[in-house]
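Same chain, two partners: subunit A is paired with subunit B first, then with subunit C.
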Partner chain A sequence: MATVVAPVPGRSRWLVLMPYVVLALATLPILVLYVWLFYSSFFPRVEGFRPIGDLTFDNWRFLWDPASVPQMRNRPPVIPLTVNTLLFATLTSLISLLVSSMAGYAFSRLRFKGRRVFLGGVLLLHSFPSVTLLIALFVVLRTLGLYDKLVGVILVQTAFALPFGIWIMKGFFDNIPWDLEMSALVDGAGRLRTWWRIMLPLVKPGLLALGILLFVEGWNQFLLPFVFMPSGSQQTLSTLVRGILGEGRFVDYGLLTAVGLYYIAPVLVLFVLAQDQLMRIYAGGVKG
Partner chain B sequence: MARIEEITLPRERPTPARWRFNATALLFMGPAMVLVLVFFIAPVIITFAMSFTDLATSTGLSNWQWIGPENYARIFRSQFWLPILGNTLVYVAVVLAFNVIVGLGVALLSVHMEPKAGGVFRALWLLPRISPSVVYALMWTWAAASPPFGMLNYVVAPFGLEPRYWIQSDPWLIVIFINGFVGASFGMLILTSAIKAIPEDLFRAAQVDGASALQVIRRITLPLIKWPILFVLVYQTMSLFASYEYIYLTTNGGPGLFATETWSLWAFHSALSNYYGNLEFAYGAALAAILVIMGLGISMVLLRVFRFGQLVAEPRVEVE
Partner chain C sequence: MRVVLEQLTKKFGDVAAVRELDLEMRSGEFVALLGPSGCGKTTTLLMVAGIYRPTSGAILFGDRRVDHLHPKDRGIGMVFQSYALYPHMTVAENIGFPLELRRAIGKPERDQRVREAAGRVEIDDLLDRRPSQLSGGQQQRVALARALVKRPDILLLDEPLSNLDARLRHDMRGEIKRLQKEIGITSIFVTHDQLEALTMADRVAVMRNGRLQAYATPDELYARPRNRFVAEFIGTPPMNFFPAELGSRNGSVVARAEGIEVELTRAQLPRGEARQATMGVRPEHLSIVSPADGNVTGEVYVVEPMGREQIVDVQVGEWRLRVIAPPGFTGRIGDRVGLRVAAERLHFFDPTSGERLS
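Moving on, here comes the complex of A and B:
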């Protein structure tokens, strides 16, 4: 990818530097927020950017000595919450991947009755704001007996991810040439077998990228667990952070940033490792 | 009539192969169809049906009754509907402007620098979107916090502004910033790839002709990406009308009575989260139904305008 406008000899230096200066200034607020998150978790108290006291791991006590942290009493311990969050993110991304790669394959390769209508529906739902359905989903989950259960929230999150996932997977399959699949089919392999044995391995990089994105979205999810899993033992890390943040009395930013950093760390690691793929998939898949 | 019937050909019956083929499609589509049916289609119908009942915590799931359009009448009898609608329009308009202008700005600036540097800036702008909403909200809560903690007070101090607790004193500023910085990345990503798709020859030709950078942007880049810009505008409008997560996590519609309450947050508060204990599902559903209609409407416009027919074209080859 070349720069759009290559520097021309004789062009003023200011014009070349201008984009850097302007964008750096505009990006500063974001940078400040994230740097503070790191910084504040290792000091007893931070005022603006000025630390009060010495470098310490005291804020991280919630990991090894939760009983000594007043805000952590009456709350489920961090480790089970982490397991819940991990389970939620892993299962939603795996199920969404499976279901959307099946449907995406059908849309890309099969001709069937109602295909146009279904695909139109997928696109419609893709831009439809699913949060507006939360109230009705509350009733659906209550009726199905899935309210306040991890399974229920997993299913809702999986369904919400489908329009995006199906559309992306269809795109991946569309880009695979026909020859390989055709020879398998002519040799008499069934569609299911062809999809699993031949097609899925061919779109592995895409599956991985989509999987990471779905995992991150599951890991980050706040509203669904918050609304549909109110009881303590089933909660996730997002509801823990929200709980401490929303307590109303004196806010302990040291503890909050430590818990927040603990929660966001896996996302940041994944982002650093896979940012190119993630950006491409966000741009291609159009999801706000 | 009878004679015509006699000479019509026997109706074509689906061949076994054809039938088997649809069965294959069903196999592949089945799981997705079930999930979409239960968690999208049914909820849309239930939202509308529910809005004509009195379903609430007090009635429970079994003792509710049909009450006709009473919930809708109640919305417009409420003294709050007009201010909340006003809030919603201000919120959508201002955040939309922020999102699109900043998103376009970041896209343009980042493609006019070394590719590596541009990528780093775009990654930084994507951070808010890939961060957990609660952590991102925590960071803004801190930035806006009262002295001596919050950063904003230190930033404005040189300009002679009194230190304050921004979420109380200027809640709109925080609502706009927190949503603006998240939403800008959407426009940035879409518009960056749109700009990169413009053939480079056009820029080179303009350069040879001695066009300045601003002229290139105004005469070449912007006209060529007007459809993506329009797309970002329409898409973001819809998601902003429906979104309330970041408002909920910072001002929660306050301070006081409904200062920053938007329509979607009102629905959420009525049905799923309030301090009165009686969750009015039906009333919330009526509020949400208005948003659902809007959502469906705008999504259909998107499909129409952005060449839907091409997107759903039949697969090229078929093995039967």
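Moving on, here comes the complex of A and C:
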């Protein structure tokens, strides 16, 4: 995705470079943080930005020898937590994808009673901060027997993700010409098959982009697992990071950075791999 | 398969797109729905296809009433204006899609029929391509093959040629007509181009504002248009109109307009006691002669050479008449010329209702 900056005639090279310089300066603090996070996890101690001692993998012991890490002693092992997190992120994004691609299609193509009200309601829900609903959700989950269960949190997270997903998918479906759909109907397909065979393949870029965003959102989700799965065995990585940060008077920054890095690595990889797809969610549309 | 539309009406909210349309198509007939945009022709086609549900009225295929049936249960094939090829499928998959939906047809038979349909429209060598890799003409052929592959009883074509360039349009016009006759399939096509309708269709239904204006063979539409709208819509360059007075002289009826006085033949005699009429004459039924020989004289306003012929606008009084002149005509702007009217080719319409008078 290299962009060639053609020199604009009549303007100095400096003016062209200016935006890049400004952006680079603004990005620098974040970059520094990432670099710091990276190397602190490989040194026994870091003072300010200066690493102390020799390069070591000691901080990463939580992966292969959790018993020797005092902070990990009363916690579920890291691997099951990772699996939980993975399950949580994958299932929430898959269910949201399924529901929002069906709902988005219906909103885009079908004229039913209350369509406008629904659409408005979906938008309203999207702007609702999840914190305000915590207590109500607690009551609901308890009543349904889903409190302190992964399934319960998955459902809650999915519900929060849906408004955004539905709107995005509706936008993608809106861009598909009606002719294609009419053609499928005349060719002998029913509504469901048209959706599955013709419409879904055409919004694949949207599905991929939305799927990645939802996955990352699920992976990063802290509040819901923390509040609704307090008992431990079902927790996720984000609650582990929080636990290490909040435990005792002395925070082991080496361990914290190692766990943190372990936690964000999949997301970073995913972002790098899926950049092109993610760009499209804002560009939208079907490429013929 | 015979197709009958009975009192077919479609309303969108309060707006009636099609009003009480009665139309009958014989089995194997090629019928054009012709009209300016917004006349309801595409709406009619989509009702026949089953995509729109009629507000009232009936649609019959053969003796079977179909207006409650889903598109998939009607036995139709359709070609869309945009071709509506599925961009994520190859040509072969596109053509095979209608068969894929029929359990009774296995993979070998499907492949066989896809090849057969592709062969019919001469695109057998493109089967592995994607629609985006095809030219407009090739896409059109794929769309035709896809419409025909399930051997439908009725073929519907929505503005099938309007996305092609002029040359290709001419070729496809002939090819679609030939294909339709070869297969003998009842076909309905929608167009706003009167030339397409006249050249391709067995019968043409002219529509305006959701109403049927005329339904006749191309010859009849051209020779005896039922009203002024049809007269104006059919034929290029369009018919000339001007007001005329009807009177009698020596026992026969004459029409007078702008110094033209012509005696009417029996067939042209208006029904009833009309005194005023709108007289219409096609450019090809006027000829340029020397000023002394014509029924009327005028002044050349502009000359447009077209190769095979020239279109000459002649100012006669306050009216400007379009005339087709042979390529040899050498008149210049401002020349005085005479016009001879082919009296037996004049048309008369009621000035208010626009209905044909004779």
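Worth a mention:
Note that the second predicted complex is superposed on the first by the 249 of 288 C-alpha atoms of A that agree within 3 Å, B and C clash if a C-alpha of one lies under 4 Å from a C-alpha of the other, contacts with A are read in each partner's own complex, and residues count from 1 in each chain.
FYI, contacts are C-beta pairs under 8 Å (C-beta built on N, C-alpha and C of every residue); 3 or more make two chains touch, one makes a residue touch a chain.
Quick caveat: nothing in here was measured; it's all calculated off a predicted structure.
Residue contacts after overlaying the shared chain place A:R242 against subunit B, while subunit C stays out of touching range.
Of the two partner chains placed by the overlay, only subunit C lies in contact with A:P177; subunit B stays clear of it.
Once the two complexes are overlaid on the shared chain, A:M279 sits against subunit B while remaining clear of subunit C. In the superposed model, A:L15 makes contact with subunit B only, not with subunit C.
Contact with subunit B, but none with subunit C, is seen for A:V216 once the two complexes are overlaid on the shared chain. Using the contact criterion defined above for the overlaid structures, shared-chain residue A:L185 touches subunit B and also reaches subunit C. Of the two partners subunit B and subunit C, it is B that touches the larger number of subunit A residues. Touch criterion met: A:I135 reaches subunit B, while subunit C stays clear of it.
When both complexes are overlaid on chain A, the residue A:I198 reaches subunit C alone and has no touch with subunit B. In the superposed model, A:G53 makes contact with neither subunit B nor subunit C.
Within subunit A, the residues touched by subunit B in the first complex and by subunit C in the second are 182, 185-186, 286, 288.
Residues of subunit A touching subunit C in their complex: 177, 179-180, 182-190, 193, 197-198, 201-202, 204, 286-288.
Across the complex, subunit A meets subunit B through its residues 1-6, 8, 15, 19-20, 22-23, 26-27, 29-34, 36-37, 40, 46-49, 98-100, 102-103, 105-106, 108-113, 115-116, 118-121, 123-140, 142-144, 155-156, 158-160, 162-163, 166, 178, 182, 185-186, 191-192, 195, 216, 219-220, 222-223, 227, 237-238, 241-242, 245, 251, 253, 256-257, 260, 263-264, 267, 271, 275-276, 278-279, 282-284, 286, 288. Within the complex formed with subunit A, the subunit C residues making contact are 46, 49-51, 70-72, 76-78, 80-84, 86-88, 97-98, 101-102, 131-132, 146, 150, 156. Of all residues in subunit B, those touching subunit A in their complex are 21-22, 24-29, 31-33, 35-36, 38-40, 42-44, 46-47, 50, 55, 61, 102, 105-106, 109-115, 117-119, 121-143, 145, 148-151, 153-154, 177, 181, 183, 186, 189-190, 192-193, 195-196, 198, 200, 203, 207, 213, 216, 221, 235-236, 238-239, 241-245, 249, 264, 267-268, 271-273, 281, 284-285, 288, 291-292, 295-296, 298-300, 302-303, 308, 311-312, 314-319.
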